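Read the structure below first, then the notes.
Going by the order they are written in, the chains are A, B, C and D; count residues from 1 in each one.
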Amino acid sequence: MTALLHWLTFLLSIILLPVLTLGTIRKTKARLQNRIGPPICQPIYDLVKLSRKGETISSTMCGVFRLSSLLAFADILVLAWLTPWLCFKPWAPHSNIFMVVYLFAFARMFTLLGSLDSGSAFGAFSASREATLSLLVEPAVLLALVSLGIFFGSSDLRVIFSHQTNQTFTDSAIWIAAGLAIFFSSLVELSRMPVDDPTTHLELTMIHEAMILEASGRNLALIEFAHALKMSIFFGLASQCFLRAFPQFNTFNVYSQGGLNIVGILGLALFVGLLESLIVKLQWRKVPEFIAYILSLSLIASLAAIGAGVIK
Amino acid sequence: MNFFISVTAIPLATVILSLTKLKVEQLRLVVPVMSWLQFGVLTFLSLPALQNNHSFLTFSVDFSIEKIGACFLLLTNFIAAASITHATCFFANEKLVGRGEDPQHEKLYYAACALFVTAMSFVFLSDNLGLLWVSIEATTLFSAALVYFSRDKHSLEATWKYLIICSVGIAFALLGIILIFASSQHGAIAGGSLSLRLLVDHANELQPKLLQFGYIFCLLGFGTKAGVFPLHTWLPDAHSEAPAPASALLSGALLNCALFSICRVTEIIQVSGHSFFATFLPISWGALTALAASFFLIHQVGIKRLWAYSSIENVGIMLVAIGLGSPPLFFFQALNHSLAKVALFLLSGNIIQSAGTKELKQIKGILQVSPSWGITFAAAAAAVTGMPPFGSFVAEWMILSHCGDLVQRIAAGVLLFALALSFIAVSLHVGRILWGKPKHQIAVLPTFSSTLIPLLLCIFSLLAGSTCLPTFFFD
Amino acid sequence: MQIQDMATFEMLAVLLGFLSLALFFGHRKHLKPAIPAALTFLASLAAMAWLILTWGHNFHWQTQAPFLLGVFPLTFEVDGLTRLFLLLLSTLTCAVSVFSPSYISHIAAKTHAGQYWICFWLFIVSMYAVVSSADAITFLVAWELMSLASIALVATDHSHQSVQKSAFIYLGATRVASAFLAGGFLWMHSITGSWTFHDWTFCIESTYIPAFLILIGFCIKSGIWPFHIWLPYAHPSAPASVSAIMSGFMIKVSVYALIRILVFGALNSLWIIAIAFALSVISTFWGVLFALVQNDLKKLLAYSSIENIGLVVMAIALSLYARAHSLPTIADLAIIAAVFHSWNHGLLKCLLFLSAGAVDAQAHTRDLRSLGGLAKRMPWTMAFFFTGSFAICSIPPLNGFSSKWLLYESFFQNILLSPTAIEKGLSLAVICLLSAVGALAIAVFVKAMGVGFLGVARSKSAQRAQEAGVGILVAQAALVILCVASGANSEFVCRLIAQSLTSSGLKVSYTISNGLPTGTVAILLSMLAASIYMIFLKTSKVTKYRTWDCGFGSLTEKTQVSADSFAQPLARIFRPFLRYQNSAKFEGADRRHFPEEVTVETQIISILENRVYLPALALFGGLAKLLSRLQAGSIHLYLLYVCATLCLLLILGMTL
Amino acid sequence: MTVTATEICVLTAALLACLIVGSLHLKVNLWLYAMSTLFIALATAAAALEHSETGLFVIAILIALLKSIAIPKFFSWAIDKLHVYRDLGAIIAPPLAMHAAILLFSLSFILTKEIPSPAGPGNGWFGAAGGISLVFTGLLLMLTRRLAISQIFGFLVIENGIYVFALTQTKGMPLMVEMGILLDVLVGVMVSGLLLFKIQKSFEHIDVGQLTQLKEP
């Protein structure tokens, strides 16, 4: 019975959390700009509207374009099941760090291909940029996760995120470092500010938005939802890291843990909204430097984990 | 005396036939038969020596032969017969490309060839160092006539250099022989002796200093004839200017004679206990020769000069084998080199006739002109550069694996380097010849008879490497 | 005893068979390719069947007179490890022989069919021999035959200067490699007195130099940095059927030999392991970096081979290191990773080269700058190429990921288990680098896929391309199925590899308790995708319209992103390694302000080639020139040499 | 230590050979060579007297007839026929070369001092020195002359030197070998003499210093 409940909650969070996260970010930004802004649930309405519409695709395209969004979406769903981004997530098989990272790559690769299918220069340029960013950010994500893996002696995220030890200062430090690394690299992965401005209207400066320029209707709905889900997964992981940095977190029961987790995700969304209101998009050439900072954060976390292991 | 007659009868008959008014077309039928007959006679004569491993077969006072010598004798005559057989076809084609108008030249060629081969045979047959020297000098004189065959300025220049440098070198060898003779007079053998067998038997009692210097002079002298670096200077000129079958003989047979002489003398000094000298010198010199020759191969312009330098490289390898004190190894390497190199020279002759030039740059697309030539050529080139499954791979591998002490290992390293370099250089040139589109009008169409001998030689080389044939020498 | 007679008999059969084939086919310039291809297929199938049927049995053969190699017998051994590699070979040969008939007919005009097939057979047979050889001499003989045959095959289309050049570069590299090997083998023989690989151990200090020589030899032949220079020349120049085997299997022969000689010989010199490790790390990075900027599809694949072979050698080096430090779990994991990745890369690279060959045959070009839009014309080829690309980018659940994950995992375990902090840090750095390399590989293959197959055709010939013949497709489909199958059953394959290695004498156990859920992921993914498609996308109303052009209209094939510009942002980051050379040409009457035609060409300058290899070659050339000055033609000079030598010898004689 | 008649003759021959290096006139060279060879024949005869060997007498006569009369006659005829009377000299000037030859003459005494002679210590030293000196002189001659004919002279001098060495350092080389050597030299001279005319015919000179067509590029 509890298992069923778990599953139901989980499915509900898969459907709702992404939308709420996105909505929270938008709302925060609107409020900070002195606008009322759309309701938090606006993304849901958007998605529903999109799925009612017909699709317009380029005559140059072959099946790859539609296939890519489909597979990317399915892949993110699988990831949502595999990755312990929610602490009340039901059982899943071995969710290996490397596998998770490469499943993200799977989705990215399809998105890149989809953007190239139309023969449009916008899509292709943004794909090229996305590939460039991924070169820098993939090690950052991987190392952030690996730092936890090293510290807890396993490459299985399930093991890592269910660790119940008496917390020391080192533990907290490493959780926080890894959380920061995951959070910041997620900004790059998700094409948020300061790397990419999702609300920009100039095709030449866009990254993610230009890749999906040709998408419309249900196809766009899939892409948008997958993107939002990916965001929740990342934020979920990051928020769990931050939460687990507090020794008290382990003492809570599973419901309050879950609640805190969701609050954490929305909190991070709030933070992102705040951030996006305060900073500007970086010039494209400055982006690698920014990511280099994130990578070094991950590296520091990993080295700290190694150091902690050696001292232990 | 019987022995003398039986060895010289057929060549003399050939000489006489060549100098009579016999038509050259008829001669072309007779001469190969004669040369194969001579091969048969010599096989019959040396059969007992081949069957016995370590004993000498004595013919007369100054003439005897043992197993390796007999092997060399047969190899030389086999090569000679093959070369002459091919030569008849080669000269017939020469007419087609508008060269060799005077049939008298060709007749003279056959006569000189017969004498040359006989002189070479006596190198292996003679037990007497003096006679050995006389035979070697005779080979120089007779082969000069072969080098001079085309009677143009280049061949004249080549002949002159060949004659003068080799004669000077051989003169030093004579000095060396005299020193060895002198060393034998110091109590070892009453009245001294030039008999190789006696010298080997009494090697310990020879005067060491004289022997050592005698060896140095012999090495220098016969080395000049063998073409070790830097005494090789005559060799590329002579080989490239002689007609292809004669180049084949020079490279496939004459070099062996010179090296065989070195081998015989080395044997004495190695038995005498000064083996360091007789090991170190040939091995290091051989390695150096191979190295230098492989460098020479890089920027070659002439097809036959290329093979000439490749011969020098192989001479270096054989010299190392001699220094290792293993005549069977030396013979095995010589056998493989001779088979492949003769095939290469003969084919190069065909290619030169067909392309109308000796310049490597001008020859292209032989694989398209004639796949059979091309493939045989490639196979022979692979054989000569020590690629498996040809015999030279096995021979070189055995030589390399015999290198034991430090000096020898360094030499082995140098040889490995030289072999790699020479393979690369040779195959660069061979590739350029074989591949691409033919540049020229095809003057001579490839025929079966012009491919037969090289192909057979290649097959023999293949058999020497991929069957148990060599075990015969290494018993 | 009986088995030895059998070996002789088999040798005879192989020789006679080969001879009769050579006599029958060798001289034919034109040949129906179906006949020799069918022969190849049947023979490979028979070999595969034999390998599978005799699974678990080890065989040892030694030839008797008269089938000796001079005085050396030929010895062969088939054990677990051999069997794994032979199985890969026979699989690839099967696929290639199915591929060949329709492919060969495309290049028939440029090929001498008889010579091609003879060389091809020789190539295949010699690879069987190399892998199954039990002693150094047999190995070297087969190795050289393999090299010679592959050189001839690379030069199949030898009327082009560029092909000749490639063949020569390959030839030089391969000969240098065998010189190193010969040196190492001879040295080992003089230490151990044996030619048999079984008797060679590399545990004592005197064996380190030969081990190093052997390592370098194999590194050259497998295309490890900085010896990889030949590979991007040779593989693209050969016909696709050959480059598929060369890249798919021939470079793995070196990997096999490294495992057979150095890993089985328990090399424990940290320096040599460190060198192998460093070189392989650089190769992975270098390979993928240069693959990124290639415009020739096959060249791109060749550089990707360098990357992957780097991964394999890295795994071998890690295994050696772990064994030397008695960390058996890591050693086992790494060696399984090495073998598994060799397998996977073999299948994948063969597949990709076959696809590239199909593209080449149909579109008459491999240049990404004139490809594009093939997706609509060659949908099947595209599907196969895409699957292969995904797998080689190690995207789960395909097989490329399974082996790369093993490598990641073994480095991860190394961080956990190895004793010192330096080694932990190094492993971490490698993990970081591997993921960067993985991301770069994705960029590389997205470029190949996106620019090559998607968008609008960039040239007339690409526009006219048709779907390739049935044989070409079937061969690729078979390989795709194998890739997917071995990816989904990765645990089974790992256990198989561990068992095979154990049966060949190296104790290896597969200890991962909870393996990767690749199978589950695969099934889930496809089910999810299928159901979403059925209920959501299929019913969607689709309208076709122009690509978004900002309202300007008239998008042409020129307005697409080009292969160069796709790679540009990444290439800019790696400016120190990737040196561009730009050249612009303006044409027209008033060229200055209103040129009629502007041609801009970008070329990558290979630093290694320009700074290291060409100067080295120039050094050799210069030395040769210097030496040839000795041969100046003057007889006086020549006589002087005689005098000089005399003096030298006399001095030597007096002092010694 | 006694100096025998043989040795005096040999040294005289060696000195005469040194003089050859000093002159570029072919006829003078030829004459000097003939004289030098004659002294060698005399030395052979003296040795024959010393060891009372009749075989050596035969050889002495043969040398006198063939090498000091027939060969010079032949070359004298050839010089007239070719209309070449003067060499051009190569590398170093003739007077200098002659000094070098004399230097080598003295050097050869130092070089041969240690050679053990079968006749006992100290014996045969001068003979060996003469022989070696002749070899050196011959080499020098070949090096410092441009004409083909002079190179043949040089070779003949070397041959003389080797013969002298054999004569003084060994007790009786086998006759057959001696004859063979003599025959070879003769044939060699004939062959190279023949070539001489061919060179004149093809190149219109006999300057071998100019024969440098065959070389590495």
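Here is the rule we go by: a residue touches a chain if its C-beta (ideal position, glycine included) is under 8 Å from a C-beta of that chain, and two chains touch if they have at least 3 such contacts.
These numbers were taken from a predicted model, which means no experiment stands behind them.
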Would you identify the chain whose Cα-based centre sits farthest away from the centre of subunit D? A
Using the touch rule stated at the top, which two chains are linked by the largest number of C-beta contacts? A-C
Rounded to the nearest Å, the gap separating the Cα centres of subunit C and subunit D is 68
When the C-alpha atoms of subunit B and subunit D are each averaged to a single point, how far apart are the two points in Å? 31
Could you work out how far the Cα centre of subunit B sits from that of subunit C, in whole Å? 43
Centre to centre, by mean C-alpha position, how many angstrom separate subunit A and subunit B? 79
Set of subunit C residues in contact with two or more other chains: 628, 630-631, 635, 639, 642, 650
At least two other chains touched by the same residue of subunit D: list those residues. 139, 142, 151, 208, 211, 213-214, 216-217
Two-or-more-chain contact residues of subunit B, please, as numbers and ranges. 160-161, 164, 168, 236, 296, 299
Chain pairs in touch? A-C, B-C, B-D, C-D
Footprint of subunit B on subunit C - complex, ascending: 27, 65-72, 112, 115, 137, 140-141, 144-145, 148, 151, 155, 158-159, 161, 164, 167-168, 171-172, 175-176, 178-179, 182-183, 186, 189-190, 620-621, 623-625, 627-628, 630-631, 635, 637-639, 641-642, 644-646, 649-650, 652-653, 656
Subunit A - residues contacting subunit C, complex: 51, 54-60, 62-64, 66, 70-71, 73-75, 77-78, 81-82, 93-94, 96-99, 101-103, 105-106, 108-109, 112-113, 116-122, 124-125, 127-129, 131-132, 134-136, 138-139, 142-143, 146, 149-150, 153, 155-156, 203, 213-214, 217-219, 222, 288, 295, 299, 302-303, 306-307, 309-310
What residues on subunit D touch subunit C, complex-wise? 90-91, 111, 139, 142-143, 151, 208-209, 211-217
Spell out the part of subunit B that touches subunit D in their complex, as residue ranges. 62, 128, 130-131, 133-134, 137-138, 140-141, 144-145, 148, 151-154, 156-161, 163-164, 167-168, 171, 174-175, 178-179, 181-182, 185-186, 191-192, 194, 207, 209-210, 236-237, 240-241, 296, 299, 301
Parts of subunit C lying in touch with subunit A, wherever the complex brings them together: 372-373, 375-376, 379, 382, 386, 390, 393-396, 401, 404-405, 408-409, 412, 415-416, 421, 424-425, 428, 431-433, 435-436, 438-440, 442-443, 445-446, 449-451, 454-456, 514-518, 520-521, 524-525, 528-529, 532-533, 536-537, 540-550, 555, 557, 559-561, 565-570, 573
